[in-house]
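Chain naming follows the written order as A, B and C, and within any one chain the residues start at number 1.
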Amino acid sequence: MLKEIWAKLSPIGVVVLAIFLLWYLFAIVLNAPWAHDKAKRAGAELSFPQLVSDTWSQDKPKLPAPHQVAQELWKTVVMKKITSKRSLVFHGWITLSTTLLGFIFGTGLGILLAIGIVHNRAMDMSVMPWVIASQTIPILAIAPMIIVVLNAVGVSGLIPKATISMYLSFFPVVVGMVKGLRSPDAMQMDLLKTYNASRFELLWKLRLPNSMPYLFTSLKIAMAASLIGAIVAELPTGAVAGLGARLLAGSYYGQTIQIWSALISAAALAAVLVSLIGLMQRLTLKRMGMAA
Amino acid sequence: MTSIVVSAKDLSLTFSTNDGPVNALKDVNLTIDKGEFVSFIGPSGCGKTTLLRVMADLEQPTAGSITINGVSPGEARRSRAYGYVFQSAGLYPWRTIAGNVKLPLEIMGYSKEQQQERIQQVLELVELSGFEKKFPWQLSGGMQQRASIARALAFDADILLMDEPFGALDEIVRDHLNEQLLALWARTEKTIGFVTHSIPEAVYLSTKIVVMSPRPGRITDVIESTLPKERPLEVRDSPEFLEIAARVREGLRAGHSDV
Amino acid sequence: MTLVIIVLLVWLAAWWLNIRLAKLPNRRWIALLVPAIFGLTLLVIWEGVVRGLEVRAVLLPPPTAIAVAFYSKMPILWVDFVQTFVKGALSGYFIGCSAAFLTAVAVDRSPFLQKGLLPVGNFVAALPIIGMAPILVMWFGFDWHSKAAVVVVMVFFPMLVNSVQGLQSSEVMQRDLMRTYAAGYWQSLVKLRLPAAMPFIFNGLKICTTLALIGAIVAEFFGSPIKGMGFRISTEVGRLALDMVWAEITVAALAGSAFYGSVVLLERAVTFWHPSQRG
């Protein structure tokens, strides 16, 4: 048992370790010019250890070293009061609430539309090609417009941002659920038909249970998309609050450490959200006897 | 004068699994002469496929020794001594039938003219001439399996190893392919190792029937067939045929009872 | 008000027509006609509602106004298209996808690295990589190079995961077959694993088309020269010139669909043998 876990984790560990090593290495390479520049102005020559320690501790490095980002995270996540505008928890919460609201509405709408598409041939034929086509369109590009337009009609705050998240999480759910609701094979469908089951019973007892694996797969995609939507939606509002705003503010003032810490928090948020769905998936499928 | 093609001495193979070691083969002794048609028959788990895979250097024995044409299976593989036919045809869907037959020839570095010549030759042998340009998924299961036999014959190895090649086909197609295989064997004089779990198939095809039993996988009986080399399908109704079949069944049962 | 009523009637008529058409036996022209009618109806409703209810153009311009903007601002749109799509998205797409593919081939020999890279790659593919945009804009400057870099980072991991999976996808039996031929590493790569990987590789390529365009456009929100689709969208939104924004979005949609479509066509030509393509 222990051996198996080790066999599974050690390759991942090596890859992660390699990423950190590369990160430190790139920090040296990318920050070296600035360090040399500084040394030249001070009329000094840098030895290699000096160079390394300088490149790993600059104020506005091109690439901050992992421990600098970790320090910044510690400072802004743990040390600040969570109501403070400088707390990453505060910004993270703003992004998270947008993400979740958009995700819930997007998923709900997506499931309903999928049920409609599966049951109505005319709807399937007219809507489905557009749903698929719209996946090839960079929907994110209209984010600024939605924000501004909704602001103009007096809707501001959470709703416009959540609209974008909803929009982004909606499509993967429709596509996945249509596939899932259609996944029962002809024999299973015929069996229920011999029982004279109604369309609703067919949906409730066969199609929906069968679609669960598909649902969870698309929920993961939808959650990731929803978070991206929330972050991008924060950009045009003028960098007020949220992780996206931290990114934009950081890029205005060249605060690379701030950008990276916002980025890492966004990544952590995504990881937690997606693995939560993964956990739900495992529990649900296990209870339904579909665990892989 | 016959020469020995396969010679196994005290061959054993143990797989280590999560549930402990499994004796796939235990103390197997076997000799196959040139030009023989040898069937391996037994219930699932008796190691018949494993034995074939050891001959093909697809598995490594854990004890004992085995030689193919006097050398190790690995050397035999590298000198391209045998053609292998799997349970399913396993043709590449992105290649035509001719392209599939050409695959081993490309890898083994045959010239373009030789490739063309051989493709024609072996497709004729398995009665698939005219289907060169078809893709595998456009043919029936029986035709696909014939194409995979053609692929194994293409590079003219003198040993043909077949692992339940007709197992997935229906009875009628199977009879037909059995007949064709015998004709092909008579024409090419290859040595054939043939894994099956069908008694009639084993008796009908073979000059030698190796009966195996499981846990541990081992040989329980080796039966030399007394049937003539010329075998129409009706031979299966002859008393001689039924007698050999009875002996095979006996061997299989004996292998089971002492578990 | 009459306009709104007409719109309602058109909608009902189109809906009825589509229901009738959908009940007909399957034909290719019906499969094309039904969504076309649906799309046209949407446009008519949009036009009619905007004009009938006199919605302000700064909120939602009617499709005809967008068409006019599209036609009259063609040169600007073209410049933006070249800047964002051709220079930013396409070059990044090619660099990112080929780098990911080569990495996949390189790690293909090491099951250890594969086992490590697959989960990490899957993890990274779910992250909001787009957030790297401000950093890459800092590193590579405002011009298209930074946009291409964003695209490279965005497409790399989805492509890597798909390629690694694809190269593993050949069946055990087929690999055994190559072994019985005593085939070398390169022979089995070229003749077996690469062809078998193609459906997966194209899946990755398709996902990446959308990502590439998104990356190139959104990266421009973090700084760009005074051209490019993302730049135009954000500045025209600021000036409330929404017809131009919609024209730009139309370009993005057309470019996105054409990009995706051409990858699909290529996929059909290469993986014609795959069950999903035989239809």
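The criterion applied here is as follows: contacts are C-beta pairs under 8 Å (C-beta built on N, C-alpha and C of every residue); 3 or more make two chains touch, one makes a residue touch a chain.
It should be emphasised that the depicted structure is a prediction, and the values quoted were computed from it without experimental measurement.
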| item | value |
| --- | --- |
| For subunit B, the least number of touch steps when starting out from subunit A | 2 |
| Chain ID, smallest distance between chain and overall C-alpha centroids | C |
| Chain pair, B-C or A-C, that carries the greater number of C-beta contacts | A-C |
| Remotest chain, subunit C as reference, centres from CA atoms | B |
| Between subunit B and subunit A, distance of the C-alpha-averaged centres to the nearest whole Å | 54 |
| Between subunit B and subunit C, centroid-to-centroid distance (C-alpha), Å | 50 |
| Separation of mean Cα positions, subunit C and subunit A [Å, integer] | 18 |
| Residue list for subunit B, restricted to those that touch at least two other chains | none |
| For the subunit C and subunit A complex, residues of the former touching the latter | 15, 18-19, 21-23, 30-31, 34-35, 37-39, 58-60, 112-117, 119-120, 123, 126-128, 130-135, 137-139, 209-210, 213-214, 217-218, 221-223, 229-230, 233-234, 237-238, 240, 242, 245, 248-249, 252-253, 256-257, 259-261 |
| Residue ranges of subunit C in contact with subunit B within the complex | 171, 173-174, 176-183, 187, 191-192, 195, 198, 271-275, 278 |
| Of all residues in subunit A, those that touch subunit C in their complex | 8, 11-16, 19, 30, 62-63, 121-122, 124-130, 133, 135-142, 144-145, 148-149, 152-153, 220, 224, 227-228, 231-232, 235-236, 243-244, 247-248, 250-251, 254, 256, 259-260, 262-263, 266-267, 270-271, 274 |
| Subunit C contact footprint on subunit B (complex, rising order) | 56-58, 77-78, 80, 82-84, 86-88, 90, 92-94, 103-104, 106-108, 135, 137 |
